[in-house]
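Chain IDs A, B, C and D follow the sequence of writing; residue 1 opens each chain.
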Amino acid sequence: MKIKTLVSAIALSGATLIALPSMAADTIKVGVLHSLSGTMAISETTLKDTVLMMVEEQNKKGGLLGKKLEAVVVDPASNWPLFAEKGRELLTQEKVDVIFGSWTSVSRKSVLPVLEELNGLMFYPVQYEGEESSKNVFYTGAAPNQQAIPAVDYLMNDLGVERFVLAGTDYVYPRTTNKILEAYLKAKGVAAQDIMINYTPFGHSDWQSIVSDVKKFGGEGKKTAVVSTINGDANVPFYKELGNQGISAEDIPVVAFSVGEEELSGLDTTPLVGHLAAWNYFQSVESDANDEFITQWKAFTKDSNRVTNDPMEATYIGFKMWANAVTDAGTTDVDAVEQAMIGQETENLTGGIAVMNKNHHLSKPVLIGEIQDDGQFEVVWETDGVVAGDAWSDFLPGSKDLISDWTAPIKCGNYNTKTKACSGQNY
Amino acid sequence: MSAIENTVENLRETFRRDQVWPFLAPTQTKVNVDNQMILYVEGLNLSFDGFKALNNLNLYVNDGELRCLIGANGAGKTTLMDVITGKTQCDSGTVFFGQNHNLLNKDEAEIAQLGIGRKFQKPTVFEEQTVFDNLELSLKTDKGVLPTLFSRLTPTQIDRIDEVLKIIGLAKHRFMLAGALSHGQKQWLEIGMLLAADPRLLLIDEPVAGMTPQETEKTAELLTSLAGERTVIVVEHDMEFVRSIARTVTVLHQGSVLAEGTMDQIQSNKDVIEVYLGEEAGESEVGEDAVEGENA
Amino acid sequence: MRHLIALCCCLFGLLSFSVQAAESSQQDPFLTELAGAKFKDMVPILDQLAEIQGEAILPLFHTLLGGDLYYIKADKSLVGQFDEQGATVYKDVFNQTLVPNLSKRDVKKIRVNNTLRGYLRNAIAQIQLTAKSPKVRESAVRELLSKLDADTVALIESLYAKETNNKVKEAMGLALSMHTASSTELTLPNRLVAIERLSSSLEGDARNLLTTLTKDENPAIVKAATSALEKIAQRANRFAFIDQLFFGLSLGSVLLLASIGLAITFGVMGVINMAHGEMIMLGAYTTYVVQLMMPNYIDYSIWVAIPAAFLVSGLMGILIERLVIRHLHGRPLETLLATFGISLILQQLVRSIFSPLNRQVSTPSWMSGSWEINPVLSLTLNRLYILAFALLVFFALVIVLRKTSLGLNVRAVSQNRNMAKAMGVKTHWVDAMTFGLGSGIAGIAGVALSQLTNVGPNLGQAYIIDSFMVVVFGGVGNLLGTLVAAFSLGIATKFLEPTTGAVLAAIIVLVFIILFIQKRPKGLFPQKGRAAE
Amino acid sequence: MTRLTEWFSAGRSSGKHTLPFVVILLVVSLLASGANLLLPEDSALYVSTYTITLLGKYLCYAMLALAVDIIWGYCGILSLGHGAFFALGGYAMGMYLMRQIGDRGVYGDPLLPDFMVFLDWKELPWFWLGMDNFGFAMLMAVVVPGLLAFVFGWLAFRSRVTGVYLSIMTQALTYALLLAFFRNEMGFGGNNGLTDFKEILGFDLQADSTRVSLFMITAFLLAVLFVVSQRILSSRFGKVVLAIRDAEARSRFIGYRTDRYKVWLFVYSAVIAGIAGALYVPQVGIINPGEFSPINSIEMVIWVAVGGRGTLIGAVIGAILVNYAKTRFTAILPDAWLFALGAMFVLVTLYLPKGLMGLYAQMMAKRRPRILEESAVKESATKESEV
């Protein structure tokens, strides 16, 4: 009796598992791999909605290749191993043609082997530390040279900053970015004692000592700026502490790479006016495309207060390019689309044209904005033209000889220009 | 200076030639009762937050004796047992088991392995296990982790358990979960567990609380039969019961010994009459009822 | 030279100015030039304005600095944006007359960036050297310390003799000393005296000047500067210590607030409430909702939010107690699991209602900024208030537990439940009330925390482990222990942080507590006696 | 002699479920593996590799639940930090796999893992030495969690930290480790952890055959550990453990050094968790500090609670069911999942204190009087106690 029940229980669960749905309708499936719960839900739900909005819009235009698009949304729940599992689910069970997804580096690293194994295609829309180029991923967010280095240039050239505080959350993006910046600053003649590096844990909320240290460091005569790679939740208490300790943007400006409109929406920005952020997109930029995008977004979310931000634009560009590439290739086959992607051009929301390079990174303009009291940014500086995203930083000893080129004859994500070999990967 | 001297002294002690190191020496389990005395309690003091639970308490128990401890609530009976069995650390004083075992530097398990068994005021048995398992666990065996892991019941042990089961009258219930036993049966089981461990000294806290008169009588018989071979110390409120079993009675009052002697001697002792029996003698019926009511 | 002109303007033209300015402002060609100017071009325009108009230009500069200066698209005339009872109105910046019938579409903002703001502040300071209020004058002098040029020094020199206020005079004296000490044309004794005078100042600019002087060619100057610096460093270190102590106390007060509620539910009732953090979160969200309902009275919102948060969290606590915890009495581990489930539900609830994004809670103006004791020691006001508030809540709670009948009942139930029941105490009611009290206090903590950190669904998670640590470390059931534990952990963390970094400090403190509990399982202030077991 | 057989059959925790469980486990996994490897992909009975890895993951979780149940269900020690042992085991495996990458990393450094190269480390930290040896790494996967459990348990149990205090301390332990492993200076890859593994013992990790083998090994080890645990817990050692759970003071007073029993049980449990972690990592392809997060550890406890603590089979079933539900729910209704999980915590503790197995036992107990005359002794005992 017992055995029977046991058998049926296990068989039941096994059977339902095995009989997972494998529908094959005549649609093009777009996988969305963004966390909808857990710590990253704050940022990633917005991107999920963006993809859904783009899919809806594309379908209004009649879809692609005569087929409708169908979004398949899964929730990896801010759990990194789940990104791999859900990625596999999207590719093998749902058989999606493309995935838009990931926010954190670790989630991308988690899903990457799956993409490469199953030859999937993913668009990654967030600024990141670089040092990666996979055949199966297109990086539409900024690489360090599209965000950090122009920002530091601006600080040095336009604001006359001579001392730098590199403050970041202790994970790979700030670590790498700060390594690059440190090398870059030293190359520019900034002395070691004029660079202060500080790391804090995720969600750090007690910034008293650090802000006070920054204040001291900045009070020693030379013009000082903070380059912040502080992540997500830790920003609000950080800026509150800055405001309360009376550090104004004129004294010690803070330039942030992870603070956008969405992060500011949870913050009273009055004490922060004048602090900076470097992005490829700001909501406040005036252009027809941007206005249209913002209106569309507010209508889609039915919330007139919703803001737009840089990763959304990156998603937008990625989606447009993919749609174009599919049209050009006439198929959704990954290899064909991958080749068709290279050289794709799409209008930026901020004006100008974004180009997908051979290394799967975009050429985009870089903007620097000052925080305003309405939670928006005012562009105070921008690059003259577009900046090409660099997969491998020239300022890190390990990667300065590496380049990425996915066109024939190199076809390699990490090609060593000295040894003329494609290190790793091809085995 | 004294610290250095102490260290040197310790070192000297460690390297004495006439002794092996303590951790190499075989553990002495044999209790030295050359003086016919099994328990020496001297000058015990213990206070909780200013309340003196034990106050310079002295107690000597002969080997093979059946001793009753009586005293009002808060007189220190249970606390004394706690100290003897290692549950509570005392502030000062000495407790020796036989002449050679200082109980104060041992923990509960060690003390139990020396052969001191204890029954709690509230019957405590392993409710989720069978009566048989309860007794098996209490058997006098090597109680280290590995021996226990690989131990198997020997026929002698099974016989011993059967014997105990018979003594405590639970032979029919051997495979019942202990939690399903009645209150009295649990009391018996707990006593049985003590017996299975084959102890030298039994400390029994209120054994007949909640028992029917017949059960009480049986318990009295059992305890009396145990004495001689083993030493038994009983704490009890039920004067009738005490009278029926006791040869020597010790009265505790406010943490120290007030009087000691036979029941008759105690009953005629002035101090005792004043602080304890006196009240009860005056209104004995009521008093005993009250005590029983409290225990039920 | 232009400063002198500006000065003359203010000194001699004071009477006529107000009239003149009001008349001339709108016609001034420079003013219309501001409209739509590029950042690069603005500084010369503003220079001109300052030169011509002197102090009269201040309102314009202030408005511009605040980012509230707009121009009307139609005629490029300037207006200031003001907020009156929640409505946006536009006024002439100089005479405050309302410019009617303007909507947001008709005007365009005149943008400012950091360079401009820096310029404006400096310019305002120069003009304000002659302001009426001594406070304004003093801060104006301090503002100028970092950019002492010959003009400014001359200006200060001329004002120094006439200055009546001691503090302003002191600041001016400092400025002059700095100038004297640094100017190589002056004689050595003069400079040495100036350096000596600088050694009594804690002003950062003075210190920077001295640091540069230690590289002077003249050995006497180097020596004097070095010893002056040492003197300053000694004093500064003392203040730095106080500063750090304050940081520790402040962190301690946050820990205290987060854990007092737990000290009651866990310490007194023995209930492990894993949803405690969510009670804090509810309090923080209540603050948000209160501010949403009274957007024009942010300064007072806190006073509404505190009782509101107490009620919301308290009622939620009572609900949880009645529905779940009551049934798990005496099973602490199960309670732990059930309340963990509740915490998940509450988080998701908040996420569904308020979205997963952080919500914006504004800081009342009286809580912003800091209390500057001297140039190296300033205490941030919000933390100061929260420290005081935490102590207030703590002692109020102690009084409630000591003096009220609820407190008596709570203590009775916690010490001997059955006896209390037998004495006629309604233990169920007391349980619910105690739990409500603990949760309500957590809600109040949420109000305070909303001023320091994110108001989001994960707010509670960030504090739950820390608060458990505090309560366990202090000794369960002992409010005083909680107080001591909170402050000692706060101070320890803050004193470790400079040497180890924030992450390692947190780890060290955690490991210390783990080890400490092994040594003293009952915490710092254990309950003694048989009742404790 | 009959007495002995009686004793064996009537003991409460004897393995009446063991054999059927092991058989079903092994047969199901064999069938699934065969269906994956032998059948063509379009066959109706084909089991996809996705399903195989998913099942493999569930079995790792089941093993972990087994570990939690052994100490919580049998000894009453509620550890809210078992994720730490799991993760440590996982890291040991991850380090081995990382070393196996060799010079095929993106930077092509023969010795240093990629994350060390771009953080500009010059040489391998000492604790990475030897991890390229599979045997040594696997030894570490059990030794490190075991050692941590021993040290922690030795300190905690000796000073009699029990109950809720212990739970909170274990939580603090895993939280401290979480913070520590997040630090990049630690040399474990910080937040990103270890990933991008290539092969294990020379077998390509992405090959279906390797995945199936890993899955089979997991199933086999789960069966072995299940049987071993069952044996341990039904020995006298197991009885002592139960005794400690129900009346620790009593066990001490009959002469058991309860702290030692607890320490060794804790170590055993941690070792199982470590093994589970080591098996988990090659199947999911990443190990990072997130596994240390206290929430994960609490979730493990709920698997056991749902299945029924105090029964090994309940832990296994609970882990599989809850995780299966999670996989399904997060796909269908991501928002509702946390509500469902939360409600599960509350409802199970309120209404199903013994979990699904308890429910099952209750149902069986209701039917028994009518159908079975299972044990005359037991029957009469019940009757007598009722009188």
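Basically, a contact is a pair of C-beta atoms (placed from the backbone, for glycine too) under 8 Å apart; a residue touches a chain by one contact, two chains touch by 3 or more.
What you see is a predicted model, and the numbers here were worked out from it, not measured in a lab.
For chain A, the chain whose average C-alpha position is most distant is B.
The chain closest to the protein's centre is D, with centres computed as averages of CA atoms.
Taking each chain's centre as the mean of its C-alpha atoms, chain C lies 47 Å from chain D. Annotation: 72 Å between the Cα-based centres of chain A and chain B. Measuring from the averaged C-alpha position of chain B to that of chain D gives a distance of 42 Å.
Taking the mean of the C-alpha atoms as each chain's centre, chain A and chain C sit 32 Å apart. Listed for chain A are residues 37, 170, 199, 201, each touching two or more other chains. Each of residues 179, 182-183, 335, 338 in chain D touches at least two other chains. Under the contact definition stated at the top, the residues of chain C that touch 2 or more other chains are 348, 351, 503, 506. Residue ranges of chain A in contact with chain C, taken from their complex: 37, 39, 41-42, 45, 158-159, 170, 198-201, 203-206, 208-210, 212-213, 219-221, 233, 236-237, 240-241, 243-246, 248-250, 253, 262-263, 265-268, 271, 273-274, 276, 370, 372-373, 378, 380. Across the interface of their complex, chain A is touched by residues 39, 67, 111, 113-115, 117-118, 121, 204-205, 207-208, 211-212, 243-244, 247, 250-251, 254, 348, 351, 356-363, 368-370, 372, 378, 380-383, 451-456, 458, 462, 493-494, 497-498, 501-503, 506 of chain C.
Listed in rising order, the residues of chain B touching chain D in the complex are 85, 87, 107-109, 112-113, 117-118, 120, 124-130, 132-133, 136-138, 143-145, 148-151, 153, 158, 172-177, 180-182, 193, 197. Residues of chain D touching chain A in their complex: 16-17, 20-21, 24, 28, 32, 35, 45, 47-51, 53-55, 57, 101, 103-109, 115, 117-120, 179, 182-184, 190-193, 195-198, 206, 284-286, 288, 290, 313, 317, 320-321, 324, 330-331, 334-335, 337-338, 360, 364.
On the chain D side of its complex with chain C, the touching residues are 78, 152, 155-156, 158-161, 163-165, 167-169, 171-173, 175-176, 179-180, 182-183, 294, 298, 301-302, 305, 335, 338-339, 341-346, 348-350, 353.
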